[in-house]
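One chain, chain A, links the two complexes that follow: it is found with chain B in the first and with chain C in the second.
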Partner chain A sequence: MLDIADLSVVYRGYRGVLKAVDKVSLAVEDNEVFGITGESGCGKSTLAASILRVLPQSAEVTSGRILFRGIDLRSVSEAEMRKIRWKQISIVFQNAMNALDPVYKIKDLLKEPLRVHEGMPDEETKRRVGEVLNLVRISQSRMDSYPHELSGGTRQRVMIAMALICRPQLVIADEFTTGLDVIVQDQILADIEDLRQKLGFAMILITHDLSVILEACDRVAVMYGGRILETADSKSILQDPRHPYTRALLDSMPTIRDAKKKLRSLSGSPPDMLNPPTGCRFMSRCTFATQLCQTDPPNLQVGVGRYSRCHYALDQGFKRR
Partner chain B sequence: MSKLFAVRKGLIEIISSRQTRYIHAVNGVDLQIGLGENFGLMGESGSGKTTTALMIAGVERPTEGRVFLDGVDIWRLKSSELKAMRKRVQMIWQDPYDSLDPRLDVYHTLEEPLIIHGIGETKEKRLDIVSKALQSVDMAPSEYIGRRPFELSGGQRQRVCIARALTTKPEFLILDEPVSMLDMSVRAGILDLLLELRKREGLTYLFISHDLAVMRYMTDRMSVMYLGMIVESGATEGIIENPMHPYTQALFSAVPDPRVKRQRAPVIGESPDLTDLPKGCNFHARCPRRMEICRTVGPRLFSATKTHVVACHLYH
Partner chain C sequence: MRRSVSLSNTLTLVRVGMRDLRGDKWGLTGLCMMLSFVVIALLVPYFPLYDPWEQSGADVIAPPSWNHPFGADIYGRDVFSRVLWGTRVSLGLGVLAALTSFFVGAVIGSFAGYYGGFLDDIMTRFIDVFIIIPRVILLILVAALIGTEVWYMALFIGLTMWASTARIARAQVITFKERGFVKAAALLGAGDVRLLFLHILPNGIYPAISNTTLQVADAIMTEAGLSFFGLGDKNVITWGQIINMGMLSISSWWLVVFPGAAIALMVLAFNLLGDSLELRLKPRLLR
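And then the complex of A and B:
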């Protein structure tokens, strides 16, 4: 359904050119839940914005292809893109408090995508708004509320409702449960999975929370320094990670269910994307690095649908030292 | 033996149109933290945990109740005595991007408390204290002393905040979500540093978090807060092994974990408005195990075992 090949995105600023996304490739199938995880500055949000062409002015896609059902999203006109945006691909953002226009009532916020992207007349919108509120389990009485009158979880549900109201085939969720209490997060994740089953859409779930990604997603891409370092199905990532960074992330997750374990952390910080290193992006923080790592690792195929950007990916995994 | 006693209640007032409404931010909270203890306060947003911490730190005045540090009511202290107390009790905040003055380099950030409290009479002495503080958070002084906050990563900034807190040689550290804004791979380093510092310097910690897993990693004893009240307290490992209050149980089951097949949190809806708390138990409207009595009578903390207390009618 979505095929991204060799996508690169840069930000141009007074300090230079920041290579936010560097030759990223991924593919999302129909009805799949695809996860993109990575820490601050890895490029995942830039990647999401580039799919829908909602990057800020300072950003530029310098190479690559984004194919959605065969259509090259990079080459269509803005008018064409507007038809795709929201109707076929929509996005749910983090921090609904800041994303919802505070001067509009919920019903008017929800009507807007229908007006703009579907050209729907007013009478019909009322019915659709009522329908979608039901779907996300918000009481109809909330239609006339303003965002500030709602709780964080309800606001997030409104964002989900907005993203679903035009019945898209692909929903991009960018850190959409970050900042919510864990119980509310759990409810929302369960609800969106129910909706996904009911309505049939694919999802790209972007979050830095590895536990959420591994639970909710079929396949996962791990990003670091603008690159995808490893792609695999969730089970494999959990049981047989083929990149030291993935291993490090798994080792840094504290648990409440297993025996208490010693956590490991990474020293140093993510690479400077203004001047990224020439070899492996992760080398300076990798406990398994060797001289070979000074050359950029190729994207090796480790299994069916499994890739890793590490010279040692084909060895028997990265056991804790 | 010294003990820290905190006995307090608190309300925070808000004005809404012409009527005064009250947010019961903290409502009848009693805490006891022993010398050298590593104590956790667990709660989600709106639980009152930060307000509680601020009252203990001497920053937010309780509406009712008292805070005793070594038997002394800190809210009765004269301003000079209060200032001396501030050397002993330090706070580390959640947002490392907000807690550092962007105009000060690391040296001046760390020097500030020394100047305020008149510690280190000469520049050399102060530089020595600053260097030692940086070393204790694993930051080489020569490398970091001249840096400004924008040149530091989130984890490094948080280390600077910890170093700053250590300059006054405190006894008690209040940490409010110190790692929740940091990347996962960096968190463990800060947590381990905090654990090590506590042992080495003999510190007492009040560690606040909404993350049960971090709580488990960091603390020996903990209390769970919900809507301004403590619902469960005890040894951390005991609560993890056997969460008794339905809210704690819901928190537990809501934590995502790809390694197990878990039951989703069996809780209905969301927390009520803090200005409009229900009668009876704060949690009853959402509780999957509620009974008739829960609607009208607020449960009190009750000892389920010698070390485990819970405020729930199910256990009386």
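And then the complex of A and C:
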């Protein structure tokens, strides 16, 4: 449904040109949850913003193609794009408190997208608001509350309700569970799965929390320094990472089965994107790096629908210890 | 704009405005005084008073007595009745002038803040010019050129006061337009007008409202001053007019003291209310 090919996005600042997204390709299928993970500044949010064409002014898409159901999102007019936004592709925002206007009641906030996009009669919007609140399991009595009167989890549910109220085909969720405690996080992820069963929509889930990715996603892309280093289904990425960076990420995550597992952290810091290194982006922090890594690694196919951007992806050295 | 939304906004405004009012004795005093003035202004035709225009040769510059509690002016007109009738015009003029100032200032300030850039530069200079021009001199000019009809005067007093409101509105819009919920609404498809009037202003306009309340008092004083100089509308009764009349009989203190006290009380009422609203509505870190 969504097909991104060779997408590059740069930010132009006074210190130079920053390559935030560098020749990224990915495809999201119908009804799929596609996860994008990576550390801060790796370009995952920029990638999401470029899909909806809501990049800040200093940013520019320099190359690539974004096809959504056969429509080229880079070339449609702004008026067309406004029709696609929310009706077909919606977004769940990162920080629910900041994204909900404090002077409106929940029901008025939820009516806004319907009013803007569907021009619906009042009776119908009322019905839809009630319906969508049911879906996200918020009691109808909360309709007349203001955002500050709700708990963090409920606010996040309101955000989800807002994203779903126009019945989009694709929902982009950017760090939408960050800032919630793990129990609420878990409930919301379970509810999202439930909603997807009922309504049928695809999702792009952006998070730096690997456990969320592994729990909720069908497929995962691991980003680093503006590039996707590994793409795979979430089960195989957990059991058999094919990129040293993915493996480092997994090594830094505690498991429930092996309490005594030593957690390893990576030394060094992500590459300076104003002057990105040549060759493999991860080279400077990679324990397996060799002379060969000075050259750009190819995007190797390492399994069915699995790709890894590492010269040694096909070697067996990356099995988890 | 949908009625339900605007209604709930107004209710929020009233709710925020009334918050903690019970513990705020000065704010409450101001509110009570203002409400009494409103009641007087509305009901004065039904009070058993002398006709404020009725002249009586026998009562010319009569000092205060049971018959004329505030005395009578040089035409023998009852000052008590005139002061109460004066409430109407003075209050109406003050409110009209302040509202004019509020709307002009809010629109100019918020457009400058919202669109920024070159437009903002031009408008900010324009606002600065209006802050610099001495108000009374401008109004004397207007009175000379256009006339002294009272509602025109209210309008022009308002048009000389909007600059401070515009500055507040501009600053508020600039801070609120970067907020997450505004960006979210934009992404959701809301246009500029919708963003500005339904999302930014309902959140950020409160400080301009307290400023407007203070401007009511300011406008009343300005009108009184102009009337005192003889630049007021002779066809209506305002407190400034009564004082102006007193100049013709300088030893008749009651022609100055009673309307003067009325001006002082009204200004005090709006100042108390404005200060209390300012404390309540202005954004700040500690409450």
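Just so we're on the same page, the second predicted complex is superposed on the first by the 314 of 321 C-alpha atoms of A that agree within 3 Å, B and C clash if a C-alpha of one lies under 4 Å from a C-alpha of the other, contacts with A are read in each partner's own complex, and residues count from 1 in each chain.
Here is the rule we use: a contact is a pair of C-beta atoms (placed from the backbone, for glycine too) under 8 Å apart; a residue touches a chain by one contact, two chains touch by 3 or more.
Since the structure is predicted, the reported quantities are computational estimates derived from the model, not experimental observations.
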| item | value |
| --- | --- |
| Side-by-side fit of chain B and chain C on chain A, or clash | fit |
| Touched partner set for A:274, first chain B, second chain C, both or neither | neither |
| Partner chain(s) touched by A:91 [first = chain B, second = chain C, both, neither] | second |
| Chain B versus chain C as contact partner of A:209, first or second or both or neither | first |
| Partner chain(s) touched by A:108 [first = chain B, second = chain C, both, neither] | second |
| Angular separation of chain B and chain C about chain A, which is computed from CA centres of the superposed model and rounded to the nearest 10 ° | 80 |
| Superposition-derived comparison: chain B or chain C, residues of chain A touched | B |
| First (chain B), second (chain C), both or neither touched by A:54 | second |
| Contacts of A:82 with chain B and chain C, given as first, second, both or neither | second |
| Chain B versus chain C as contact partner of A:185, first or second or both or neither | first |
| Partner chain in contact with A:100 - chain B first, chain C second, else both or neither | second |
| A:314 touches, of chain B and chain C: first, second, both or neither? | neither |
| Overlay on shared chain A, then closest C-alpha pair between chain B and chain C (Å) | 5 |
| Of chain B, residues touching chain A in the complex | 44-45, 153-156, 183-192, 210-214, 216-217, 237, 240, 250-260, 264-265, 267, 270-271 |
| Chain A residues within the chain C interface of the complex | 52, 54, 82, 85-86, 91, 93, 95, 98-105, 108, 112-113, 115-117, 162 |
| Interfacial residue positions of chain C with respect to chain A in the complex | 2, 4-5, 8-9, 12, 179-185, 187-190, 194, 199, 202-203 |
| Chain A residues touching chain B - in the complex, by the definition given at the top | 39-40, 151-154, 181-187, 189-190, 208-212, 214-216, 234, 238, 248-249, 251-258, 260, 263-267, 269-270 |
